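Labels A, B, C and D are assigned to the chains in the order they are written; within every chain, residues are numbered from 1.
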Amino acid sequence: MSSLHKIGVFVCWCGSNIAATVDVAAVAEAMRAEPNVVYATDYQYMCSEGGQSRIREAIKEYGLTGVVICSCSPRMHEATFRKAAQSAGLNPYMVEIANIREHCSWIHKDRMDATAKAIVLARTALAKLNLNQPLTAGESNVVKRALVIGGGIAGIQSALDIAEAGYEVDIVEKTPTIGGRMAQLDKTFPTLDCAACILTPKMVDAAQNEKITLYTYSEMESVSGFVGNFTAKIRKKARHVNEDLCTGCGLCQEKCPSRKAKNEFNMGLNTRTAIYIPFAQAIPNVPVIDTEQCIHFKTGKCGLCQMNCSAKAIDFEQQDEIIERQYGAIVVATGFRPISLERFDEFGYSQNPDVVTSLEFERIMNAAGPTKGQLVRPSDGKHPHCIVFVQCVGSRDTSGCGKPYCSKICCMYTAKHAMLVREKYPDVEVHVFYIDVRTPGKNFDEFYRRAVEQYDVDYIKGMVGKVSSHGDKLQVQGSDLIADKQIIIDADMVVLAAAIEPDPEVRKIATMLTASIDTNNFLTEAHPKLRPVESPTAGVFLSGVCQGPKDIPETVAQASAAAAKVIGLLAKDKLKRNPCVAHSDEMLCNGCSACEKVCPYGAISYMDKEFRVPGPKRTEIRRIAVVNEAVCQGCGACTVTCPSGAMDLKGFSTKQIMAEVDAICR
Amino acid sequence: MSIEETKKEYKPLIVAFCCNWCSYAGADLAGTSRLSYPADVKIIRVPCSCRVNPLFILRAFQRGADGVIIAGCHPGDCHYTSGNYYARRRMTLLFSMLDYLGIERARTRVEWISAAEGVKFSTTMNEFAKTIHELGENKKLEDLRCKELLK
Amino acid sequence: MYQIEKARLGELFARIAASGELILPVENNGTSQYGTWTPEVEVRLDRLNTVRSAKDCFFPQTENLMGFQMKGKEISIIDQRKPCEPFTVFGVRACDAASFGILDRVFLSEPVDTYYQSRRLAGTIVTLACGEPEETCFCSVFGIDAVKPGGDVSCWLTEDTLFWKSLTEKGDALTEKVKDLLTDGDEAALKAYQEKISAIHEKLPLKNLSLEGFNGDATEALFDRPEWAELSEACIGCGTCTFVCPTCQCYDIRDFDTGHGIQRFRCWDSCMYSDFTKMAGGNPRLTQKERFRQRFMHKLVYYPANNDGIYSCVGCGRCVAKCPISMNIVKVIKTLGVKNHE
Amino acid sequence: MQRVIEIIKEKAGKLLADGTVDRVIGWKDGEFFYDPTPAVFSAGELENLRYDSFCGANVSKYLIAETKKEGKILALLKPCDTYSFNELVKEHRVDRDKVYVLGIECRGKADINKIRDLGIKGIESIEELPGDELLVHTIYGDKTCKLNDVLLEKCLCCKSKTHVASDDLALTGEPMPEAPKDRFAMVAKLEMMTPDERFEFWRGELSRCIRCNACRNVCPACSCLKCVFDNDASGVASKANADTFEENMFHIIRAFHVAGRCTDCGECSRVCPQHIPLHLLNRKFIKDINEFYGEYQAGADTTSRGPLTDYTPDDVEPSIVMKRGGDQ
């Protein structure tokens, strides 16, 4: 314990957030009695300018060598207070935070208990601070290129914005075309403009922008590195069509005899050929061979496409290609899919083709869809006279079958569907079962009201209990909670507003990026309110539904926000690194290589160094570990694997943590 | 009753090592959500569960802790890719050794708590604190010197 | 001189223990250790040596010296010395009994070590003659007679009888307490026993070990001998020899931070340790050779130089039996001594 | 038939003569036959080299220092010693190129304490008789015992009669003693006790610890330049067991630090002056590792990843401890 320390303690009231449960004055008083503490005070809002200036003034007036702030979580304001201290000439790493809000005042009701605990937490921070060393952050270069994972509207928008600022961007899209879910939509709420009309120009922009490189039909293989300096490996899957030669004439598609594959773009409502372009406006307009369906790949025969291709673009021998590139920032825009309805037997989705999901209905209503936009039943192609829409299928579900969250977009698209049906086919009766109708958004409620008032859509508050086939009708049994009665509707079609979930690929990607993910597989933001487009992993940004359910305008807004963050990052030439990195004491290091084995970043290497030794030899060569501070991320795995304690972690040193333990157990 | 006096009634002392990225944030969320757990639980922030050295755990018991819990990201979700996997092996072996030496096995615990699991954080801490309270004071792994020189 | 039937030793121990702690060799998982007598312990007088010597009773491995209590910014000193209650050590062998004289010269000369002193004053030593010496014994080399082991009371244990002879005032006081259990001793029987065991002692392989060449003036002759390198070559630098030694008296003073105070204590140190006598400027003995040499030079040269020619070894043989690599003072004496090259 | 020592001397002599090595590490005579000391021999000193039932000491750790010196050393390694050697090579502590390993036959080594426990006192010298019998000359007369009855703990559970590292072998070709006992039997027995019984067992054993550090200093896996327990800057330095906690602490941490690296060479228990069964700590870790992560023998090779520097995503959870063995 260095007695040379002069430490100031600042206890925040956080208005009443802390002060209501913790006697802040008592905390300050208790801290004033601690060794090394020369100043202790409490204040209403330490994070405010007034609070920060108190810190700055005290540092100057008392010559403080370190500062303990008893306040909210360091995850909230550590950076704020470090900056404040730095501006008064103190090393920013001589600041320690005692989390007396989230870890104390907000969880304890008893004022005595909370105050006692706050004092312990403050002493713990002080004990650590006593052993802190001033740290200086090193710098690293920023690679001026961004990677966008996912080529839906979120990814496209982020890429366009980043490219607009003058930086190179690569989009990695796993399907053969960019466009994503939005490309499958017919009209968009609340304006009812056609999705393709507004999306395809953006797709073309992306394709034509010279700063943007598209890797479609490609998947992420691995990502290593750190903010400003990621290295990504992208697997460009073999299309078996040479993109440079292909003219997109589509003749191969016409000639292909294998026509039994389910058309994914149309949600499996019709079929496609083995060599195919997903849809007319696909970008790139280059087909891909589905090797599982292709007769050539299955039997070695056929080859009609190759024979008919005048551009000689068909290449059965094409192999997957691994592309390795450096990026300064990464945007995750992996999007969503409707959940599987297997577990919702009551709606008869798997038994009855006339029970469809909303996304399937989108395709049915779409002029370029399987029915050319004609509203017909998938089972018999007949025009339906009564359609029942069911909302919240798998959303807001606490039974465990579905998702606990609200999928957010269903109320609006269901209103859209109902309205479109009534607009185009006024003869069709439309019922909507809902739990609540949620329409917060610009012109949203007006939109919904139009559906009810202008288009006479029958909204029934209640849930559907069962959908069963009765002849060529679907009997929908449900409850009307307002009328307080059970009702039965004989419908021709049932449309289920299935919950949406993050694309399952995101888990793999999150692992690669070391980005955290919540229990619903949505990527976690760095802060739910203040940093909603950043992942906790520096340099990784979130765009679109991968972070949480949202509609198109919100997705685009977040995509642009993420892009702004990326641009802000790429605009820098150098980045300050985290100085809390591992460090090996060469006088203790055995060179045993254990640390190297557990380092996830390959940050540890070894060198032979000559040391003075007692005895007649005078010197000897020893193998010692050396940490590359630019690569080390400061996890500390090496520190525990090192038996001699040669490896330590700056900012979280063994002695600091043990001092914290001691202080807690005092 | 003064603050000093409140310390004198028996309350278990529980040290929780929480990784910065998941469990510490989970504890923050528990706080933000006003989910209570006993004040006996005191949290130490570490960058990753793999930073927790067995020395720290023994140190806590030496100094009079009655229970030690290590909380980290779920396996597969480590911010540093693999830190919690190493922590898992280390802690499994260490806990097994403590058990082998006759130390009550329930005094040590590892939980994987994500940043989104405020509820799990609070539930876990409530449960753990209850277990430790039932076990009573740690007599087998304490250092009497830390108790003899009274405050 | 008195005697008591061996079968009644339990009564004797109970009586001694009634007036203060009785420490004697007890069974501990296949080893003998000095421990407090209770009716439950298994007393082991048949084994020759305890692993640790009787030194522990007066100079324990760790001992609290004082405490510093910290309350906020205030520090106060706590004197942890307590008056030492009278106690008896029973079954001390002649070698260990002789070691107290060597320790006394260190701890009782000015400035007196009061912690040690209070234990010495409170302790009564009852020795036991060695009936079945081991090949590792060489106390006779240092003029110690294991047949007449000394102490406050000397005892001899035959197959059926314990002979008891008080030698000092402390011994008389103890004898007084147990007198009604004792009967007058059979001098002839004792003499016969002594003669019998003397004959065994005569057969000990190390009895002719010569100390010629080792004395207080031998520093120059011995310090730079090249043999030290080979002798210390295999030394692993552990503290076994020093910690089982009845005469090693080096200690370290350390502070233990209890979190709310400092416990200052002393603990045995070993000259075999790399941080022994480490100072701000570094370590005076940098290699194991120097540390190894220090130990034996101290026992055979430096200590005699300062203590009227008395060696600080009593030939108990513990280090001979316990060294992990079987390097010991006997091998040193034989290698460097004048007369040991057969 | 040639005795092992003769084969060793012949081979060592040749290697010294042809300059392959310039020195030999083995054992030299002690005072009473049962107490040889590890030693390094140059050419011309080989007559002092010995090898018999009492050469239990594992000389592999000395190679850390020896391979820092010039030249190449011939190391006489018993099968179990070669595991330690491999582990030291793996951890870059020993320079493999500077060692010529002569794998030497081992029929099990005697524990002098067990001979004493048979009531044999005053041992002046010992002779090895054919049929693994020992003739002990004592000041109280001659005694005999079977090598098999006085084996070191590590030999009772001999892990291998095969050398996992060697440049040459010195074998007599005689049939080897029978298969050893299950080395985890005692660990399993402890596991089945109640926690309080286990606690009492270990208190009984560890309370004898005098912190002489012999176990650590002899251990080939404890090869740190400076041990955390000796390093005042580590924050956990302790020179003596000033409290029972420190007895536990030292041995738990020491065992943990060598977990996954300990080859179970048994030196810790062999050298403990207090006869603490320290191998039972190491074997607990080995047993757990085998059960949790698959069979692993430290030192079996020089390249595999140790279990504590490795993982699989579906490793057992620490809560498995709550579900295993004995009553709670």
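As a working rule, contacts are C-beta pairs under 8 Å (C-beta built on N, C-alpha and C of every residue); 3 or more make two chains touch, one makes a residue touch a chain.
Computed from a predicted model, the values in this text were never measured in an experiment.
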Practice task
Looking only at C-beta pairs in contact, point me to the busier pair out of A-B and B-C.
Solution key: A-B
Practice task
Point out which chain occupies the most central position, where each centre is the mean of Cα atoms.
Solution key: B
Problem - Longest centre-to-centre distance from subunit B, chain (CA-based) - result: C
Fill in the blank from the handout: Chain centres from averaged Cα atoms put subunit A and subunit B apart, in whole Å, by 30
Practice task
Starting from the mean Cα coordinates of subunit B and subunit C, work out the distance between those two points in Å.
Solution key: 46
Exercise for the section: Quick one: report the Å distance separating subunit C from subunit D, using the average Cα coordinate of each chain. Expected result: 30
Completion exercise
Chain-centre distance (mean CA atoms) for subunit A and subunit C, in whole Å, is 71
Exercise for the section: Going through subunit B residue by residue, note those that touch at least 2 other chains and give them in order. Expected result: 54-55, 59, 63, 76, 82, 86, 90, 143, 145-146, 151
Exercise for the section: Send over the residues of subunit D in touch with two or more other chains. Expected result: 226, 228, 236, 242, 308-310
Practice task
Name the residues of subunit C that each touch 2 or more other chains.
Solution key: 256, 259-260, 263
Exercise for the section: Sort the chain contact graph into one of these: line, ring, star, complete or other. Expected result: complete
Problem - Touching residues (chain side subunit C, partner subunit B) in the complex - result: 67, 69, 71, 78, 256, 258-263
Handout entry: List of subunit A residues in touch with subunit C within their complex
Key = 33-35, 614-615, 662-663, 665-666
Completion exercise
Within their complex, subunit C touches subunit D through residues 28-31, 33, 48, 51-52, 61-62, 132-135, 200, 203-206, 230, 233-234, 236-240, 242-244, 252, 254, 256, 263, 265, 267-270, 273-275, 320, 322, 324-328, 330-331, 334
Problem - subunit A-facing residues of subunit B, complex - result: 1, 3, 6-7, 13, 15, 20-22, 24-25, 27-32, 34-37, 39, 42-48, 50-56, 59-60, 63-65, 73, 76-83, 86, 90, 114-117, 122, 146, 151
Handout entry: In the complex with subunit A, residue positions of subunit D that touch it
Key = 68-69, 90-93, 222-228, 231, 233-236, 257-258, 305-306, 308-310
